[in-house]
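Below: a set of structures, written as C-alpha cells.
There are two complexes below, and they share chain A, which is joined by chain B in the first and by chain C in the second.
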Partner chain A sequence: MTTSVLSAPQQHKTRDGLRQTYALSKRSTLEIFRQPALIAPSLIFPLFFAALGASSFGRTVGKVDGLKDVSSFLEFSLASTIAQGVLFGSTTGGTALATDIQNGFMDRLLASPSTRVGILIGRLAGGSVFGALQSIFFIIALYPFGVRIQGGIIAVLIMVLSGALIAMSLGGFMTAMALKTGSPEAVQGAFPLIFISLFFSSAFFPRESMSGAYKTIADYNPLSYLVEGLRVLTLQGLTTQSMAQALLIPVAIGVGSFALSLRQLSNRLAQL
Partner chain B sequence: MTQPPIQGAPIVVHSLVRHFGSGDNLVAAVDGVDLVVEQGEIFGFLGPNGAGKSTIVRMLTTLLKPTTGHALVAGYDIVKQADLVRRSIGVALQDSAIDPLMTGTELLELQAVLYGIPRAKMHARASTLLERVGLTAAANRRVITYSGGMRRRLDLALSLIHEPTVLFLDEPTTGLDPMSRLALWEEVRRLNREGTTVFLTTQYLEEADQLADRVAIIDHGRIVRQGVPKELKAKVGAPTLVINVSAPQQDLAKSVLARFGEMRPTDEGSLAVGLIAGATGVAEVVRALDEAQIDLHHLELNEPSLDDVFAEATGHRLEGATPTAEQTVK
Partner chain C sequence: MLTLRAMRGLQRVPATFLPTLAMPIFQAVAFAGTYFAITKIPNFPTDRSINWFISLSGCMGGAFSGLGLGFAAIRDIENGFMDRLRMAPTPRAALLLGPLLSALARTFIVLSTVLVVGYFFGARPTQGLAGIAMFYLAGFGLAIVATGWGLGIAYRFRDMRGAALMQLTLFLVMFTSSAQAPMSMMQGWLLQVARVNPMTNILRLSRQGFLNPPVGGVSWENTWGGLLAIAVLGSLTICFAYRGLRKLER
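The block that comes next holds the complex of A and B.
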C-alpha cells in the first residue's frame, strides 16, 4: 500500500488544479482549430519558403560546405520548415491571451478559484498541440517530394515532440508579452523579432557556409542548435546529441520563457 | 466548492479607498465607501459612468486590491481570503466576458471545472442552468451566434454554476433591448426569492427602482445617499413639475415657478420646480403662467424619483439614467 505525501485537502487542491489546467488546455486547443484563417498561414508559408529555397538553392547541394552529404535541399529544409511553422503558430497563444485580457475573459478566470499557473499552462497547451500537429503535417507534406527521415519512426516522434516543446517555449515569450501589454496587436507586433532570430540562425543555410558577423550570431543563437538537432535526425539518423538538441534546447528556452510569463502574471496581479 | 462562513451581513465594506495613478495624476476612483448589504437583499448600486461602481465591484470580487480600507464578502476578507471569497460568489461583469468561439455548454462545463464541481454533476448542472435562462436550444451553438440578450443570460448562468450565496451583477442590462431587460430582471428576482443576495450596479434609475430593496447612490467615488428607494424618494419631498416654454419666455416662467417651490435641475430647455403644495398646486401654477401670458408647450408632474434623490444629493442629474435607442442593441 502506498501513501501520498499530500494531505487530503492538498490532494483535492492538486486534483482540482490538474482538472482546471486540462479544461483550459482543451479550450485553447479548440480555439485554435476553430479559426482556420489563423492557422492556415502557419501551414502554407513555411511550405512556400521550402519550395522557394529548393528551387533557388537546389544546385548548391553537394557543392557547398554543410550540403555536401545532403541528397536534396528539401530534406535539408525540413527542420527549418518545422521551426518556421511552429514559430508562426506560437503567436496564436499569446494573441489569444491578450484578447482574453482585452475582452474580460481573463477577469472571469481570475475571479474564479482557478490556479494561476493552470491559466498559463492552459493557454500554452493549445499552441503546443498545434506545434506537434504542424510537425506531422510538414513531414507528411514533404514526403511525396522525396523527403525521408533517416532516424525512422523514433526520430519522427522526437521531431513531433520537439515541435510541441518549441511552440510552448516560444509561446511563453508571447504570453509574457500579452500579460505585459494586454494588447493582441502588441503581441503580433513582437512576432517579427522572433522570426528574425530564426533568420540569424542556421535554419536556412548551414553554418559551415557562413562567414563574418552572420556566422558569429548564428554560432551564439540557440535556435541554430535546435534546428541542427532536427536536421541530423532527418539527414543522418538517431544520435544522442541530436535528440538532446531537439528536446533539451526548447525545454531550456521554455523554462526561461515560462518563468518570465509567471513573473509578468504576478506583476499584473500586483498592479491590480 | 467550500462556502461557509458568512455569519452576519454577506457584504460589509469599511472605508474602502482605491486610487489610480500617482502624483499629480492621482485619481481617487473610490473615496472612502462604507456599506452593509444584508442577507437576502437585492442591493442596487446606482451612479453615472465613472462614478466608481465598477471599481467597487472589482474590489469586492477580488479582481482589484483596495488602496486602503477593508471589506468582508460572504464572511471572508477580500484581500487575505481572496480564494475563499472567489469560491463563494458569482460574478457577471460589465461586458459579458464570454469566449465567442465556445458553445454555451462548453463554457458552462469549463466554469464548472474552474469551481471544482465534480464531473458527475457537471453536465446536469449545465443543462439545468441552460434551461433556466432559456438557452437550451442554443446550447451547442457557438456564442458568436448569440444575441446580446442571450450572451447576458449565458453570463448570468455562468455566474450561478456553483450556486453562490452572493451574486455580483455589474450593469447586467446595459445595451439590452426592453424585452431582454425585463427577462433578466425576472431572473434576478427569482434568484433572490431563492435566497441569493444580489449586489447590482446600474446606471438605470428604473432598474434600481424595480429591483433593489435598498440602494446606494455613488458620485465621484463617494456614497451620497443610501437607503430604501421609497424612503429616499419620500425625503426629497415634493413632486416635480416640469414645463417647456419658448426660449424668450424662460426667465419669466422661471420667476413664476419659483413662487411655488424650489427650482430643480432638469434637461436643457425645460424648467422644473419642486411643488410645495403637491399635485393639488398644479392648477394654481397653470393659472399663474396664464396670467403672465406664458405660452405653455408641455407640462408634466413627476413623483419624486431616484433621479430627484440623485439631483438633490449632487446638484446634477444622472446622465443616461434611462436607456436610449442608441444604447439598446439586440
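The block that comes next holds the complex of A and C.
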C-alpha cells in the first residue's frame, strides 16, 4: 500500500489548480481558433517566404558552404518555416492577454481564487497547441513539393513537439510584454524584436556561408542551434544532438521567459 | 502648408517615422549578412552583398515613406481633421501635392541614412555620383507611387484596415521581383512573375550604380524601364488617390 505524500486539503488544492489550468488552457486555445483572420497570416506568410526563398536561392544548392549536401532549398527551408510561423503565431496569445487586461477580464481572473501559475500556463497553452498544429501544417503543405523528413515519423513527432515548445517559450516573452504594458499595440510592437533575432541566426541561410560580425552574432544566437536541430532531423535523420537541440533549447528559453512572465505578473499584482 | 505640417509631425511624433527609417537599415544589414554567400555564385554582378541589397532597402524606404502619408491620412480622417480641410477653400490638388512633397522629403532622409549606414557596412558605389543619383531617382519614384497608393486606399477604407492592405500589397509586389536575387539566379514561378513585375525595372534603375558591368553601369538600357514603370505606376496611383478624394467628398 502506498502512502500519499500530500494531505487531503493539499490534494484538493492541486486538483483545483489543474482544473483551473485546464479550463483556462481550453479558453485560450478556442480563442485562437475563433479568430481565423488573426491566425491566417502566420500560416500563409511563412509558406510564401519558403516559396520565395526556394525560387530565389534554389541555385545556391550544391554551390555554397552548408548547402553542398542539400538536395533542395525547400527542404532546407522547412525548419525556418516552422520557426517563423510559430514566431508569427506567438504574438497572438500575447495580444489576446493584453486585450484581456484592457477589457478587465484579467482583473476578474486575478480576483478569483485561481493559481497564478495556472493563469500563465493557461494563456500559453493555446499558443502551444497552435504551434504544434502549425508544424504539422507546414510539414504537410510542403510534402507535395518534395519535402521529406529523413528522420521519419519520430522526427516528425519531435518537430511537432518542438513547435509547441517554441510557441510556449516565445509566447512567454509576449506574455511578459502584455503583463508589463497591458497594451495590444505594445505586444505587436515587440514582435519585430523577436523577428530580428531570427534573422540574425542561421534560420534562412547556413552559418557556414556567413562571415564577419554577422557570423559571430549567429554563432551566439541560440535560435541558430534550435533551427539547425530541426534542419538535421529533416535533412539527415535522427541524431541525439539534433533531438536535444530541437527540444532542450526551447525548454531553456521557456524557463527564462516563464520566469520573466511570473515576475511581471507579480508586479501587476503588487500594483492592484 | 500641408507639407510643413507633415514635416512638423516628424519632429512631434517621431515614433511614426522611426519604423520607416529603421526598417530599410535593418533590411540592408540583415539581408547582406544572411545572404552574403550568394555573391559567390558565378557571374553574380557584385562581390559585395550589401551592394546588392542596399537598393532594395532604398526602394523599400521610399515606398514606406509614401505609405506613411497614407497612414497619416487615415489618422486625419479618423480624428476629423480631413473634414475641416475639405471644408476649407483649398484646391483639391494641394491635398495631394502636400503629402507628395512631404513623402519626397521623408524619402530624402531615409535614402541618405541608408547610404551612410550602407557605406559603414561596406557598400561602395561603382559608378560615382551618377549611380547615386539613380539610387535617389528610384527611391523618389517609388515614394510617389506609394503615396498615391496609400492615399487612394486611405480615402476609400477610411480606417486602419487600409493600412494592412497598403503594406501587404507593397510587400508582395516588392518581393516577387528581383528583390532578393538577380533574374539569372531565379528559377520556377518567381522568374515568370519577376519578368513582368515593374518593380524589377525600378530595382534595376536603382542598382545600376552599385553593380559591376555588364549588369551594372549607368546606361539608358538600365534606366528607361525603371523610369517608364515609375511614370505609369505613379500616374495610375495618383489618379487612384484623386478619385478616392472625390469619393470622400461625395
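In this text, the second predicted complex is superposed on the first by the 272 of 272 C-alpha atoms of A that agree within 3 Å, B and C clash if a C-alpha of one lies under 4 Å from a C-alpha of the other, contacts with A are read in each partner's own complex, and residues count from 1 in each chain.
The rule is simple: a contact is a pair of C-beta atoms (placed from the backbone, for glycine too) under 8 Å apart; a residue touches a chain by one contact, two chains touch by 3 or more.
Predicted model only: the values in this text are computed from it and were never measured.
In the superposed pair of complexes, A:F199 makes contact with chain C only, with no contact to chain B.
Of the two partner chains placed around the shared chain by superposition, chain C is the only one that A:Y214 touches, whereas chain B remains out of contact. Of the two partner chains, chain C is the only one that A:F57 touches; chain B does not reach it.
By the touch criterion defined above, A:D65 lies against chain C but remains apart from chain B after alignment on the C-alpha atoms of chain A. Partner chain A is touched in their complex by these residues of chain B: 58, 61-65, 83, 86-87, 89, 91, 93-95, 97-99, 101-102, 106, 109-111, 113-116, 142, 158.
Residues 26, 30, 33-38, 40-41, 175-176, 180-181, 185-191 of chain C are the ones touching chain A in the complex. Chain A makes touch with chain B in their complex at residues 16, 19-20, 23-24, 27, 30-31, 34-35, 100, 103-114, 272.
Chain A makes touch with chain C in their complex at residues 51-60, 63-66, 196, 199-200, 204-206, 209-214.
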